[in-house]
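Once you've had a glance at the structure underneath, I'll fire off some questions.
As written, the chains take the letters A, B, C and D, and residue 1 is the first residue of each chain.
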Amino acid sequence: MECLAHFNIMETNPTTKQKGFPPVGHRRWVIAEGYIPGTSIGPKPAMVSHETACVLNVSEEDAHLEITIFYSDQEPIGPYKVTVPARRTKHIRFNDLTDPQPIPRDKDYASVIESNVAVVVQHTRLDSRQAENALMTTMAFADTETVMMR
Amino acid sequence: MECLAHFNIMETNPTTKQKGFPPVGHRRWVIAEGYIPGTSIGPKPAMVSHETACVLNVSEEDAHLEITIFYSDQEPIGPYKVTVPARRTKHIRFNDLTDPQPIPRDKDYASVIESNVAVVVQHTRLDSRQAENALMTTMAFADTETVMMR
Amino acid sequence: MECLAHFNIMETNPTTKQKGFPPVGHRRWVIAEGYIPGTSIGPKPAMVSHETACVLNVSEEDAHLEITIFYSDQEPIGPYKVTVPARRTKHIRFNDLTDPQPIPRDKDYASVIESNVAVVVQHTRLDSRQAENALMTTMAFADTETVMMR
Amino acid sequence: MECLAHFNIMETNPTTKQKGFPPVGHRRWVIAEGYIPGTSIGPKPAMVSHETACVLNVSEEDAHLEITIFYSDQEPIGPYKVTVPARRTKHIRFNDLTDPQPIPRDKDYASVIESNVAVVVQHTRLDSRQAENALMTTMAFADTETVMMR
(Lines give C-alpha, C1' and ligand atoms only; values in the text may rest on other atoms or scores of the structure.)
Protein backbone atom coordinates (compact mmCIF):
# COMPACT_ATOMS: atom_id res chain seq x y z
CA MET A 1 0.00 0.00 0.00
CA GLU A 2 1.06 3.51 -0.60
CA CYS A 3 2.15 5.71 2.26
CA LEU A 4 2.15 9.40 1.50
CA ALA A 5 4.68 11.89 2.72
CA HIS A 6 2.25 13.60 5.05
CA PHE A 7 1.44 10.34 6.76
CA ASN A 8 1.61 11.30 10.39
CA ILE A 9 1.91 9.06 13.44
CA MET A 10 0.65 11.15 16.34
CA GLU A 11 3.78 11.48 18.42
CA THR A 12 1.83 13.15 21.19
CA ASN A 13 -0.26 10.05 21.80
CA PRO A 14 2.18 7.15 21.80
CA THR A 15 0.04 4.71 23.77
CA THR A 16 -2.81 4.42 21.27
CA LYS A 17 -0.49 4.84 18.26
CA GLN A 18 -3.39 6.20 16.24
CA LYS A 19 -2.37 7.80 13.02
CA GLY A 20 -3.48 11.35 12.50
CA PHE A 21 -6.14 12.12 9.96
CA PRO A 22 -6.24 15.23 7.81
CA PRO A 23 -9.61 17.05 7.92
CA VAL A 24 -12.19 14.97 6.01
CA GLY A 25 -15.48 16.29 4.64
CA HIS A 26 -16.76 19.79 4.06
CA ARG A 27 -17.30 23.01 5.98
CA ARG A 28 -20.94 23.66 5.13
CA TRP A 29 -23.73 21.08 5.20
CA VAL A 30 -27.46 21.37 4.65
CA ILE A 31 -30.37 19.29 5.99
CA ALA A 32 -33.55 20.33 4.20
CA GLU A 33 -35.88 18.08 6.21
CA GLY A 34 -36.49 18.81 9.86
CA TYR A 35 -39.39 17.98 12.14
CA ILE A 36 -39.46 17.08 15.83
CA PRO A 37 -42.64 15.18 16.69
CA GLY A 38 -44.39 16.55 19.76
CA THR A 39 -45.21 13.18 21.31
CA SER A 40 -43.31 9.97 22.06
CA ILE A 41 -43.96 6.39 23.22
CA GLY A 42 -41.34 4.22 24.93
CA PRO A 43 -38.59 4.43 27.58
CA LYS A 44 -36.70 7.74 27.84
CA PRO A 45 -34.30 9.00 26.70
CA ALA A 46 -33.40 6.44 24.01
CA MET A 47 -36.96 6.19 22.67
CA VAL A 48 -37.91 9.86 22.75
CA SER A 49 -38.65 11.05 19.22
CA HIS A 50 -35.56 12.89 18.09
CA GLU A 51 -33.89 14.46 15.12
CA THR A 52 -30.13 14.17 15.04
CA ALA A 53 -27.19 15.63 13.15
CA CYS A 54 -24.31 13.17 13.57
CA VAL A 55 -21.03 15.03 13.07
CA LEU A 56 -17.60 13.44 12.72
CA ASN A 57 -14.44 15.50 13.11
CA VAL A 58 -11.45 13.29 12.32
CA SER A 59 -9.01 16.18 12.33
CA GLU A 60 -6.49 17.26 14.97
CA GLU A 61 -8.36 20.55 15.53
CA ASP A 62 -11.61 21.19 17.43
CA ALA A 63 -14.53 21.95 15.10
CA HIS A 64 -16.61 24.97 16.09
CA LEU A 65 -20.04 24.59 14.49
CA GLU A 66 -22.63 27.24 13.85
CA ILE A 67 -26.11 25.93 13.12
CA THR A 68 -28.79 28.14 11.56
CA ILE A 69 -32.43 26.96 11.64
CA PHE A 70 -34.75 27.97 8.80
CA TYR A 71 -38.54 27.94 8.99
CA SER A 72 -41.43 28.17 6.53
CA ASP A 73 -43.09 31.16 8.14
CA GLN A 74 -40.46 33.21 9.99
CA GLU A 75 -36.90 34.48 9.74
CA PRO A 76 -34.07 32.00 10.38
CA ILE A 77 -32.76 31.66 13.94
CA GLY A 78 -29.14 31.22 14.94
CA PRO A 79 -26.37 30.63 15.35
CA TYR A 80 -26.59 27.66 17.67
CA LYS A 81 -22.97 26.97 18.67
CA VAL A 82 -21.66 23.45 19.20
CA THR A 83 -18.07 22.20 19.48
CA VAL A 84 -16.98 18.79 18.23
CA PRO A 85 -13.52 18.12 19.67
CA ALA A 86 -10.60 16.84 17.61
CA ARG A 87 -10.87 13.10 16.75
CA ARG A 88 -14.40 12.88 18.12
CA THR A 89 -17.95 12.36 16.90
CA LYS A 90 -20.94 14.18 18.34
CA HIS A 91 -24.54 13.16 17.74
CA ILE A 92 -26.33 16.50 18.10
CA ARG A 93 -30.01 16.25 18.98
CA PHE A 94 -31.94 19.21 17.64
CA ASN A 95 -34.29 18.58 20.58
CA ASP A 96 -31.51 19.66 22.93
CA LEU A 97 -30.61 22.97 21.25
CA THR A 98 -31.78 25.83 23.48
CA ASP A 99 -29.59 28.86 22.82
CA PRO A 100 -30.68 31.27 21.33
CA GLN A 101 -34.05 29.45 21.70
CA PRO A 102 -35.53 25.91 21.61
CA ILE A 103 -36.75 24.51 18.29
CA PRO A 104 -40.54 24.20 18.34
CA ARG A 105 -42.15 20.74 18.15
CA ASP A 106 -44.52 19.76 15.34
CA LYS A 107 -43.15 22.45 13.03
CA ASP A 108 -41.23 22.14 9.76
CA TYR A 109 -37.68 23.41 9.73
CA ALA A 110 -34.37 23.01 7.89
CA SER A 111 -30.79 23.60 8.94
CA VAL A 112 -27.42 24.81 7.70
CA ILE A 113 -24.36 23.60 9.61
CA GLU A 114 -21.10 25.50 9.18
CA SER A 115 -17.72 24.57 10.63
CA ASN A 116 -14.27 26.10 10.71
CA VAL A 117 -12.73 22.71 9.82
CA ALA A 118 -14.02 20.04 7.45
CA VAL A 119 -16.45 17.58 9.06
CA VAL A 120 -18.95 14.97 7.88
CA VAL A 121 -22.67 15.32 8.76
CA GLN A 122 -25.34 12.61 8.65
CA HIS A 123 -29.01 13.21 9.44
CA THR A 124 -31.13 10.70 11.39
CA ARG A 125 -34.65 10.76 12.80
CA LEU A 126 -36.21 8.35 15.28
CA ASP A 127 -39.98 8.76 15.28
CA SER A 128 -41.70 7.07 18.23
CA ARG A 129 -45.11 8.69 18.01
CA GLN A 130 -46.71 5.30 17.58
CA ALA A 131 -46.08 1.99 19.35
CA GLU A 132 -43.23 0.99 17.06
CA ASN A 133 -40.34 3.14 15.96
CA ALA A 134 -39.56 4.43 12.51
CA LEU A 135 -36.02 5.33 11.52
CA MET A 136 -34.60 7.28 8.62
CA THR A 137 -31.16 8.54 7.71
CA THR A 138 -29.26 10.29 4.95
CA MET A 139 -25.96 12.00 4.48
CA ALA A 140 -26.53 15.74 4.66
CA PHE A 141 -25.93 17.81 1.52
CA ALA A 142 -22.31 18.87 1.35
CA ASP A 143 -21.88 22.34 -0.02
CA THR A 144 -18.58 22.81 -1.81
CA GLU A 145 -18.59 26.60 -1.70
CA THR A 146 -16.35 28.55 0.65
CA VAL A 147 -17.89 28.96 4.08
CA MET A 148 -18.54 32.40 5.53
CA MET A 149 -18.26 32.30 9.28
CA ARG A 150 -19.73 35.09 11.33
CA MET B 1 -12.29 32.11 12.14
CA GLU B 2 -12.02 33.53 8.70
CA CYS B 3 -14.44 36.17 7.54
CA LEU B 4 -14.62 36.61 3.79
CA ALA B 5 -15.03 39.89 1.99
CA HIS B 6 -18.56 39.12 0.84
CA PHE B 7 -19.69 38.45 4.38
CA ASN B 8 -22.90 40.36 4.57
CA ILE B 9 -24.87 41.43 7.63
CA MET B 10 -28.40 42.01 6.42
CA GLU B 11 -28.79 45.70 7.06
CA THR B 12 -32.43 45.56 6.14
CA ASN B 13 -33.25 43.32 9.08
CA PRO B 14 -31.40 44.80 12.04
CA THR B 15 -33.52 43.18 14.76
CA THR B 16 -32.63 39.57 13.97
CA LYS B 17 -29.11 40.46 12.82
CA GLN B 18 -29.04 37.35 10.65
CA LYS B 19 -26.18 37.25 8.22
CA GLY B 20 -27.11 36.80 4.59
CA PHE B 21 -26.39 33.53 2.85
CA PRO B 22 -25.36 33.21 -0.75
CA PRO B 23 -27.45 30.69 -2.72
CA VAL B 24 -26.57 27.14 -1.57
CA GLY B 25 -27.28 23.97 -3.53
CA HIS B 26 -28.22 23.33 -7.13
CA ARG B 27 -30.86 24.39 -9.60
CA ARG B 28 -32.02 20.96 -10.80
CA TRP B 29 -32.80 17.98 -8.56
CA VAL B 30 -34.16 14.53 -9.31
CA ILE B 31 -36.20 12.11 -7.16
CA ALA B 32 -36.42 8.78 -8.98
CA GLU B 33 -38.70 7.12 -6.41
CA GLY B 34 -42.25 8.30 -6.00
CA TYR B 35 -45.37 6.55 -4.74
CA ILE B 36 -48.31 7.90 -2.77
CA PRO B 37 -50.11 5.05 -0.97
CA GLY B 38 -53.88 5.13 -1.45
CA THR B 39 -54.76 4.35 2.15
CA SER B 40 -53.73 5.65 5.58
CA ILE B 41 -54.17 4.80 9.26
CA GLY B 42 -53.87 7.36 12.07
CA PRO B 43 -54.86 10.94 12.93
CA LYS B 44 -54.97 13.46 10.05
CA PRO B 45 -53.16 15.36 8.72
CA ALA B 46 -49.84 14.40 10.37
CA MET B 47 -50.34 10.66 9.89
CA VAL B 48 -51.73 10.68 6.36
CA SER B 49 -49.37 8.75 4.09
CA HIS B 50 -47.39 11.36 2.24
CA GLU B 51 -44.45 11.88 -0.04
CA THR B 52 -42.53 15.10 0.50
CA ALA B 53 -39.87 17.19 -1.21
CA CYS B 54 -38.28 19.36 1.47
CA VAL B 55 -36.76 22.42 -0.16
CA LEU B 56 -34.46 24.93 1.50
CA ASN B 57 -33.80 28.32 -0.06
CA VAL B 58 -31.17 30.13 2.04
CA SER B 59 -30.71 32.91 -0.49
CA GLU B 60 -32.02 36.48 -0.50
CA GLU B 61 -34.16 35.80 -3.58
CA ASP B 62 -37.45 33.88 -3.87
CA ALA B 63 -37.04 30.50 -5.55
CA HIS B 64 -39.57 29.74 -8.27
CA LEU B 65 -39.75 25.97 -8.69
CA GLU B 66 -41.07 24.01 -11.61
CA ILE B 67 -41.79 20.34 -10.88
CA THR B 68 -42.26 17.81 -13.68
CA ILE B 69 -43.77 14.39 -12.85
CA PHE B 70 -42.70 11.34 -14.87
CA TYR B 71 -44.65 8.09 -15.09
CA SER B 72 -43.99 4.57 -16.31
CA ASP B 73 -46.85 4.46 -18.79
CA GLN B 74 -47.67 8.00 -19.93
CA GLU B 75 -46.09 11.30 -20.93
CA PRO B 76 -44.69 13.50 -18.15
CA ILE B 77 -46.99 16.12 -16.59
CA GLY B 78 -46.02 19.63 -15.58
CA PRO B 79 -44.90 22.11 -14.67
CA TYR B 80 -46.29 22.26 -11.16
CA LYS B 81 -45.25 25.71 -9.89
CA VAL B 82 -44.25 26.32 -6.29
CA THR B 83 -42.50 29.32 -4.73
CA VAL B 84 -40.11 29.00 -1.80
CA PRO B 85 -39.54 32.51 -0.42
CA ALA B 86 -36.11 33.91 0.39
CA ARG B 87 -34.63 32.49 3.63
CA ARG B 88 -37.40 29.92 3.98
CA THR B 89 -37.91 26.19 3.79
CA LYS B 90 -40.99 24.57 2.29
CA HIS B 91 -41.94 20.94 2.77
CA ILE B 92 -43.88 20.25 -0.42
CA ARG B 93 -46.32 17.34 -0.21
CA PHE B 94 -46.80 15.72 -3.60
CA ASN B 95 -50.27 14.79 -2.28
CA ASP B 96 -51.17 18.47 -2.36
CA LEU B 97 -50.11 19.25 -5.94
CA THR B 98 -53.23 19.81 -8.03
CA ASP B 99 -52.35 22.10 -10.94
CA PRO B 100 -52.18 21.01 -13.76
CA GLN B 101 -53.66 17.82 -12.22
CA PRO B 102 -53.44 15.73 -9.01
CA ILE B 103 -50.87 12.93 -8.82
CA PRO B 104 -52.66 9.57 -8.82
CA ARG B 105 -52.43 7.32 -5.72
CA ASP B 106 -50.92 3.83 -5.86
CA LYS B 107 -48.96 4.62 -9.01
CA ASP B 108 -45.19 4.81 -9.56
CA TYR B 109 -43.80 8.18 -10.50
CA ALA B 110 -40.58 10.22 -10.41
CA SER B 111 -39.91 13.94 -10.37
CA VAL B 112 -37.54 16.64 -11.61
CA ILE B 113 -37.44 19.87 -9.62
CA GLU B 114 -35.97 22.96 -11.28
CA SER B 115 -35.38 26.33 -9.68
CA ASN B 116 -34.19 29.74 -10.81
CA VAL B 117 -31.89 29.98 -7.77
CA ALA B 118 -29.86 27.25 -6.08
CA VAL B 119 -31.79 25.27 -3.44
CA VAL B 120 -31.35 21.99 -1.55
CA VAL B 121 -33.94 19.20 -1.92
CA GLN B 122 -34.47 16.23 0.40
CA HIS B 123 -37.02 13.47 -0.23
CA THR B 124 -39.08 11.91 2.59
CA ARG B 125 -41.95 9.43 2.68
CA LEU B 126 -44.24 8.62 5.61
CA ASP B 127 -46.10 5.40 4.91
CA SER B 128 -49.01 4.81 7.29
CA ARG B 129 -50.83 2.07 5.41
CA GLN B 130 -50.44 -0.26 8.38
CA ALA B 131 -50.84 0.34 12.10
CA GLU B 132 -47.30 1.62 12.58
CA ASN B 133 -45.53 4.15 10.42
CA ALA B 134 -42.54 3.63 8.20
CA LEU B 135 -40.24 6.50 7.32
CA MET B 136 -37.57 6.94 4.68
CA THR B 137 -35.47 9.84 3.48
CA THR B 138 -32.63 10.69 1.13
CA MET B 139 -31.07 13.75 -0.36
CA ALA B 140 -32.38 14.13 -3.91
CA PHE B 141 -29.94 13.75 -6.79
CA ALA B 142 -28.33 17.10 -7.56
CA ASP B 143 -27.78 17.64 -11.22
CA THR B 144 -24.82 19.86 -11.94
CA GLU B 145 -25.79 20.72 -15.49
CA THR B 146 -27.17 24.10 -16.41
CA VAL B 147 -30.91 24.32 -15.90
CA MET B 148 -33.25 25.09 -18.76
CA MET B 149 -36.29 26.91 -17.48
CA ARG B 150 -39.35 27.12 -19.64
CA MET C 1 -35.43 33.32 -15.93
CA GLU C 2 -32.77 32.34 -18.35
CA CYS C 3 -33.62 30.34 -21.42
CA LEU C 4 -30.72 28.61 -23.06
CA ALA C 5 -30.24 28.20 -26.78
CA HIS C 6 -30.82 24.45 -26.70
CA PHE C 7 -34.16 24.93 -24.96
CA ASN C 8 -36.39 22.62 -26.90
CA ILE C 9 -40.17 22.51 -27.06
CA MET C 10 -41.04 19.03 -28.26
CA GLU C 11 -42.68 19.79 -31.56
CA THR C 12 -43.68 16.18 -31.97
CA ASN C 13 -45.97 16.33 -28.96
CA PRO C 14 -47.91 19.58 -29.32
CA THR C 15 -50.84 18.62 -27.09
CA THR C 16 -48.92 18.24 -23.85
CA LYS C 17 -46.42 20.98 -24.78
CA GLN C 18 -43.80 19.29 -22.61
CA LYS C 19 -40.33 20.68 -23.07
CA GLY C 20 -37.63 18.18 -23.89
CA PHE C 21 -35.02 17.33 -21.28
CA PRO C 22 -31.41 16.62 -22.03
CA PRO C 23 -30.14 13.38 -20.43
CA VAL C 24 -29.84 13.90 -16.64
CA GLY C 25 -27.75 11.76 -14.30
CA HIS C 26 -25.00 9.24 -14.91
CA ARG C 27 -24.41 6.08 -16.89
CA ARG C 28 -23.14 3.83 -14.12
CA TRP C 29 -24.68 3.46 -10.65
CA VAL C 30 -23.87 1.19 -7.73
CA ILE C 31 -26.09 -0.18 -4.93
CA ALA C 32 -23.86 -1.87 -2.36
CA GLU C 33 -26.72 -3.12 -0.16
CA GLY C 34 -29.01 -5.82 -1.45
CA TYR C 35 -31.15 -8.39 0.34
CA ILE C 36 -34.54 -9.83 -0.55
CA PRO C 37 -36.24 -11.24 2.56
CA GLY C 38 -37.63 -14.74 2.04
CA THR C 39 -40.93 -14.15 3.80
CA SER C 40 -43.67 -11.49 3.74
CA ILE C 41 -46.79 -10.51 5.65
CA GLY C 42 -49.64 -8.49 4.14
CA PRO C 43 -51.69 -8.21 0.93
CA LYS C 44 -49.88 -9.01 -2.36
CA PRO C 45 -48.35 -7.57 -4.43
CA ALA C 46 -47.97 -4.16 -2.75
CA MET C 47 -46.90 -5.59 0.61
CA VAL C 48 -44.55 -8.33 -0.62
CA SER C 49 -41.06 -7.64 0.70
CA HIS C 50 -39.18 -6.13 -2.20
CA GLU C 51 -35.98 -4.42 -3.16
CA THR C 52 -36.30 -1.80 -5.88
CA ALA C 53 -34.09 0.23 -8.17
CA CYS C 54 -36.11 3.25 -9.27
CA VAL C 55 -34.74 4.55 -12.55
CA LEU C 56 -35.66 7.83 -14.23
CA ASN C 57 -34.82 8.47 -17.87
CA VAL C 58 -35.79 12.06 -18.72
CA SER C 59 -34.08 11.98 -22.11
CA GLU C 60 -35.55 11.60 -25.57
CA GLU C 61 -33.80 8.25 -26.07
CA ASP C 62 -34.64 4.82 -24.61
CA ALA C 63 -32.21 3.74 -21.90
CA HIS C 64 -30.94 0.17 -22.25
CA LEU C 65 -29.77 -0.97 -18.81
CA GLU C 66 -27.44 -3.81 -17.97
CA ILE C 67 -27.54 -4.91 -14.33
CA THR C 68 -24.78 -7.08 -12.83
CA ILE C 69 -25.38 -8.78 -9.47
CA PHE C 70 -22.44 -9.36 -7.11
CA TYR C 71 -22.40 -11.87 -4.26
CA SER C 72 -20.22 -12.56 -1.26
CA ASP C 73 -19.44 -16.15 -2.16
CA GLN C 74 -19.71 -16.61 -5.92
CA GLU C 75 -18.88 -14.93 -9.22
CA PRO C 76 -21.12 -12.03 -10.35
CA ILE C 77 -24.14 -12.84 -12.52
CA GLY C 78 -25.38 -10.78 -15.43
CA PRO C 79 -26.24 -8.88 -17.42
CA TYR C 80 -29.88 -8.55 -16.60
CA LYS C 81 -31.30 -6.36 -19.39
CA VAL C 82 -34.03 -3.80 -18.76
CA THR C 83 -35.23 -0.96 -20.99
CA VAL C 84 -36.51 2.34 -19.57
CA PRO C 85 -38.24 4.19 -22.42
CA ALA C 86 -37.64 7.85 -23.21
CA ARG C 87 -39.36 10.24 -20.74
CA ARG C 88 -40.35 7.38 -18.43
CA THR C 89 -39.53 6.04 -14.98
CA LYS C 90 -39.33 2.36 -14.18
CA HIS C 91 -39.32 0.95 -10.67
CA ILE C 92 -37.37 -2.29 -11.16
CA ARG C 93 -38.02 -4.96 -8.53
CA PHE C 94 -34.99 -7.17 -8.09
CA ASN C 95 -37.53 -9.85 -7.08
CA ASP C 96 -38.77 -9.89 -10.67
CA LEU C 97 -35.42 -10.32 -12.43
CA THR C 98 -35.25 -13.85 -13.87
CA ASP C 99 -32.91 -13.82 -16.86
CA PRO C 100 -30.17 -15.11 -16.70
CA GLN C 101 -31.43 -16.44 -13.30
CA PRO C 102 -33.53 -15.32 -10.31
CA ILE C 103 -31.82 -13.59 -7.40
CA PRO C 104 -31.85 -15.88 -4.35
CA ARG C 105 -33.84 -14.83 -1.25
CA ASP C 106 -32.18 -14.33 2.14
CA LYS C 107 -28.76 -13.80 0.56
CA ASP C 108 -26.56 -10.68 0.51
CA TYR C 109 -25.91 -9.13 -2.87
CA ALA C 110 -24.94 -5.83 -4.50
CA SER C 111 -25.56 -4.42 -7.96
CA VAL C 112 -24.03 -2.31 -10.69
CA ILE C 113 -26.43 -0.66 -13.15
CA GLU C 114 -25.07 0.58 -16.45
CA SER C 115 -26.94 2.52 -19.10
CA ASN C 116 -26.24 3.81 -22.59
CA VAL C 117 -27.78 7.18 -21.67
CA ALA C 118 -27.60 9.10 -18.41
CA VAL C 119 -30.27 8.11 -15.88
CA VAL C 120 -30.89 8.60 -12.14
CA VAL C 121 -31.15 5.57 -9.83
CA GLN C 122 -32.66 5.46 -6.33
CA HIS C 123 -32.69 2.35 -4.13
CA THR C 124 -35.67 1.42 -1.93
CA ARG C 125 -36.52 -1.60 0.21
CA LEU C 126 -39.87 -2.50 1.72
CA ASP C 127 -39.41 -5.15 4.40
CA SER C 128 -42.65 -6.80 5.47
CA ARG C 129 -41.26 -9.80 7.33
CA GLN C 130 -43.03 -8.67 10.49
CA ALA C 131 -46.51 -7.32 11.07
CA GLU C 132 -45.56 -3.73 10.25
CA ASN C 133 -43.50 -2.55 7.32
CA ALA C 134 -40.08 -0.99 7.35
CA LEU C 135 -38.95 1.28 4.55
CA MET C 136 -35.55 2.57 3.54
CA THR C 137 -34.22 4.52 0.59
CA THR C 138 -31.08 6.19 -0.72
CA MET C 139 -29.81 7.58 -3.95
CA ALA C 140 -27.53 4.98 -5.53
CA PHE C 141 -23.84 5.82 -5.86
CA ALA C 142 -23.22 7.63 -9.14
CA ASP C 143 -19.97 6.64 -10.74
CA THR C 144 -18.50 9.42 -12.84
CA GLU C 145 -16.14 7.23 -14.82
CA THR C 146 -16.80 6.32 -18.43
CA VAL C 147 -19.09 3.35 -18.77
CA MET C 148 -17.98 0.23 -20.57
CA MET C 149 -20.93 -1.50 -22.15
CA ARG C 150 -20.59 -5.09 -23.28
CA MET D 1 -23.98 1.09 -27.67
CA GLU D 2 -20.44 2.24 -27.47
CA CYS D 3 -17.69 -0.17 -26.60
CA LEU D 4 -14.52 1.44 -25.35
CA ALA D 5 -11.01 0.27 -26.10
CA HIS D 6 -10.37 -0.94 -22.58
CA PHE D 7 -13.43 -3.16 -22.65
CA ASN D 8 -12.12 -6.39 -21.22
CA ILE D 9 -13.66 -9.86 -21.38
CA MET D 10 -12.07 -11.82 -18.55
CA GLU D 11 -10.18 -14.48 -20.48
CA THR D 12 -9.32 -16.26 -17.26
CA ASN D 13 -12.94 -17.03 -16.52
CA PRO D 14 -14.40 -18.33 -19.78
CA THR D 15 -17.34 -20.21 -18.28
CA THR D 16 -19.16 -17.22 -16.78
CA LYS D 17 -17.93 -14.85 -19.51
CA GLN D 18 -18.22 -11.94 -17.10
CA LYS D 19 -16.58 -8.80 -18.29
CA GLY D 20 -14.02 -7.27 -16.00
CA PHE D 21 -14.79 -4.05 -14.17
CA PRO D 22 -12.28 -1.34 -13.42
CA PRO D 23 -12.27 -0.27 -9.76
CA VAL D 24 -15.46 1.73 -9.04
CA GLY D 25 -15.96 4.10 -6.12
CA HIS D 26 -13.54 5.71 -3.70
CA ARG D 27 -10.82 4.70 -1.28
CA ARG D 28 -12.04 6.53 1.82
CA TRP D 29 -15.61 6.57 3.12
CA VAL D 30 -17.17 8.05 6.23
CA ILE D 31 -20.26 7.00 8.23
CA ALA D 32 -20.98 9.68 10.81
CA GLU D 33 -23.90 7.85 12.45
CA GLY D 34 -23.24 4.69 14.43
CA TYR D 35 -25.17 3.05 17.25
CA ILE D 36 -25.67 -0.64 18.04
CA PRO D 37 -28.78 -1.09 20.20
CA GLY D 38 -28.16 -3.30 23.24
CA THR D 39 -31.36 -5.30 22.96
CA SER D 40 -33.23 -7.15 20.20
CA ILE D 41 -36.57 -8.87 19.61
CA GLY D 42 -37.09 -11.59 16.99
CA PRO D 43 -35.41 -14.68 15.54
CA LYS D 44 -31.59 -14.67 15.41
CA PRO D 45 -29.46 -13.89 13.55
CA ALA D 46 -31.50 -12.11 10.87
CA MET D 47 -33.52 -10.07 13.36
CA VAL D 48 -30.72 -9.11 15.77
CA SER D 49 -30.33 -5.34 15.83
CA HIS D 50 -27.35 -4.60 13.65
CA GLU D 51 -25.43 -1.85 11.99
CA THR D 52 -23.90 -2.73 8.64
CA ALA D 53 -21.38 -1.33 6.18
CA CYS D 54 -22.14 -2.94 2.82
CA VAL D 55 -19.02 -2.84 0.67
CA LEU D 56 -18.81 -3.66 -3.03
CA ASN D 57 -15.48 -4.35 -4.69
CA VAL D 58 -16.08 -4.79 -8.43
CA SER D 59 -12.38 -4.74 -9.28
CA GLU D 60 -10.03 -7.62 -10.11
CA GLU D 61 -7.98 -7.01 -6.96
CA ASP D 62 -8.80 -7.87 -3.33
CA ALA D 63 -9.69 -4.80 -1.25
CA HIS D 64 -7.95 -4.59 2.11
CA LEU D 65 -10.03 -2.35 4.36
CA GLU D 66 -8.97 -0.56 7.50
CA ILE D 67 -11.84 0.69 9.68
CA THR D 68 -11.29 3.29 12.41
CA ILE D 69 -14.03 3.81 15.02
CA PHE D 70 -14.49 7.28 16.54
CA TYR D 71 -16.29 8.00 19.81
CA SER D 72 -17.64 11.06 21.57
CA ASP D 73 -15.66 10.57 24.76
CA GLN D 74 -12.47 8.63 24.00
CA GLU D 75 -9.70 8.30 21.44
CA PRO D 76 -10.48 6.49 18.18
CA ILE D 77 -9.87 2.73 18.03
CA GLY D 78 -8.47 0.82 15.05
CA PRO D 79 -7.66 -0.35 12.59
CA TYR D 80 -10.15 -3.15 12.22
CA LYS D 81 -8.98 -5.10 9.17
CA VAL D 82 -11.41 -6.68 6.71
CA THR D 83 -10.78 -8.06 3.24
CA VAL D 84 -13.37 -7.88 0.46
CA PRO D 85 -12.21 -10.21 -2.33
CA ALA D 86 -12.14 -9.23 -5.98
CA ARG D 87 -15.60 -9.17 -7.62
CA ARG D 88 -17.36 -9.67 -4.30
CA THR D 89 -19.58 -7.77 -1.88
CA LYS D 90 -19.29 -8.04 1.89
CA HIS D 91 -21.92 -6.83 4.32
CA ILE D 92 -19.80 -6.03 7.37
CA ARG D 93 -21.71 -6.03 10.67
CA PHE D 94 -20.11 -3.68 13.15
CA ASN D 95 -21.54 -6.04 15.79
CA ASP D 96 -19.07 -8.69 14.61
CA LEU D 97 -15.88 -6.59 14.74
CA THR D 98 -13.76 -7.82 17.65
CA ASP D 99 -10.11 -7.05 16.89
CA PRO D 100 -8.64 -4.86 18.38
CA GLN D 101 -11.79 -4.79 20.57
CA PRO D 102 -15.60 -5.12 20.28
CA ILE D 103 -17.67 -1.99 19.69
CA PRO D 104 -19.74 -1.22 22.81
CA ARG D 105 -23.55 -1.41 22.61
CA ASP D 106 -25.76 1.62 23.34
CA LYS D 107 -22.94 4.05 22.63
CA ASP D 108 -22.59 6.64 19.83
CA TYR D 109 -19.78 6.09 17.36
CA ALA D 110 -18.73 6.97 13.81
CA SER D 111 -16.43 5.25 11.35
CA VAL D 112 -13.88 5.88 8.62
CA ILE D 113 -13.34 3.08 6.10
CA GLU D 114 -10.18 3.13 4.00
CA SER D 115 -9.28 0.75 1.20
CA ASN D 116 -6.29 0.18 -1.06
CA VAL D 117 -8.61 -0.06 -4.10
CA ALA D 118 -11.76 1.91 -4.87
CA VAL D 119 -14.94 0.42 -3.37
CA VAL D 120 -18.51 1.58 -2.72
CA VAL D 121 -19.87 1.70 0.86
CA GLN D 122 -23.53 1.84 1.93
CA HIS D 123 -24.67 2.11 5.55
CA THR D 124 -27.71 0.21 6.87
CA ARG D 125 -29.22 -0.26 10.31
CA LEU D 126 -31.86 -2.76 11.37
CA ASP D 127 -33.28 -1.78 14.76
CA SER D 128 -35.34 -4.52 16.40
CA ARG D 129 -35.56 -3.16 19.90
CA GLN D 130 -39.32 -3.11 19.69
CA ALA D 131 -41.78 -5.65 18.29
CA GLU D 132 -41.49 -4.36 14.73
CA ASN D 133 -38.33 -3.55 12.85
CA ALA D 134 -37.11 -0.20 11.68
CA LEU D 135 -34.73 0.09 8.76
CA MET D 136 -32.57 2.92 7.49
CA THR D 137 -29.91 3.23 4.83
CA THR D 138 -27.71 5.79 3.10
CA MET D 139 -24.69 5.82 0.88
CA ALA D 140 -21.66 6.59 3.03
CA PHE D 141 -19.83 9.87 2.44
CA ALA D 142 -17.20 9.40 -0.24
CA ASP D 143 -14.07 11.35 0.44
CA THR D 144 -12.26 12.36 -2.70
CA GLU D 145 -8.95 13.11 -1.06
CA THR D 146 -5.99 10.77 -1.43
CA VAL D 147 -6.06 7.99 1.13
CA MET D 148 -3.22 7.55 3.59
CA MET D 149 -2.87 3.92 4.53
CA ARG D 150 -0.91 3.02 7.61
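Definition applied: a residue touches a chain if its C-beta (ideal position, glycine included) is under 8 Å from a C-beta of that chain, and two chains touch if they have at least 3 such contacts.
From a predicted model like this one, the values you see are computed outputs, not experimental measurements.
Q: Using only Cα atoms, superpose subunit C on subunit D and state the rotation angle in degrees, rounded to the nearest 5.
A: 90
Q: For the two copies subunit D and subunit A, is the contact made of the same residues on each side, with over half of the numbers shared, or of different residues?
A: different
Q: Distance from the CA centroid of subunit A to that of subunit D, rounded to the nearest Å?
A: The answer is 22 Å.
Q: How far is the middle of subunit B from the middle of subunit D, if each middle is the mean of its Cα atoms, in Å?
A: Roughly 31 Å, centre to centre.
Q: Of all residues in subunit B, which are in touch with two or more distinct other chains?
A: 131-132, 134-139
Q: In the complex, go through subunit D and note every residue touching subunit C.
A: 1-4, 6-8, 13, 16, 18-19, 21-22, 24-25, 42, 46-47, 52, 54-56, 58, 87-91, 120-122, 124, 126, 131-139, 142
Q: Mind listing the subunit C positions that touch subunit D in their complex?
A: Those in contact with subunit D are residues 28, 30-35, 64, 68, 70-73, 75-78, 106, 108-110, 112, 116, 123, 125, 127, 129-132, 134-141, 143, 145-146, 148-150.
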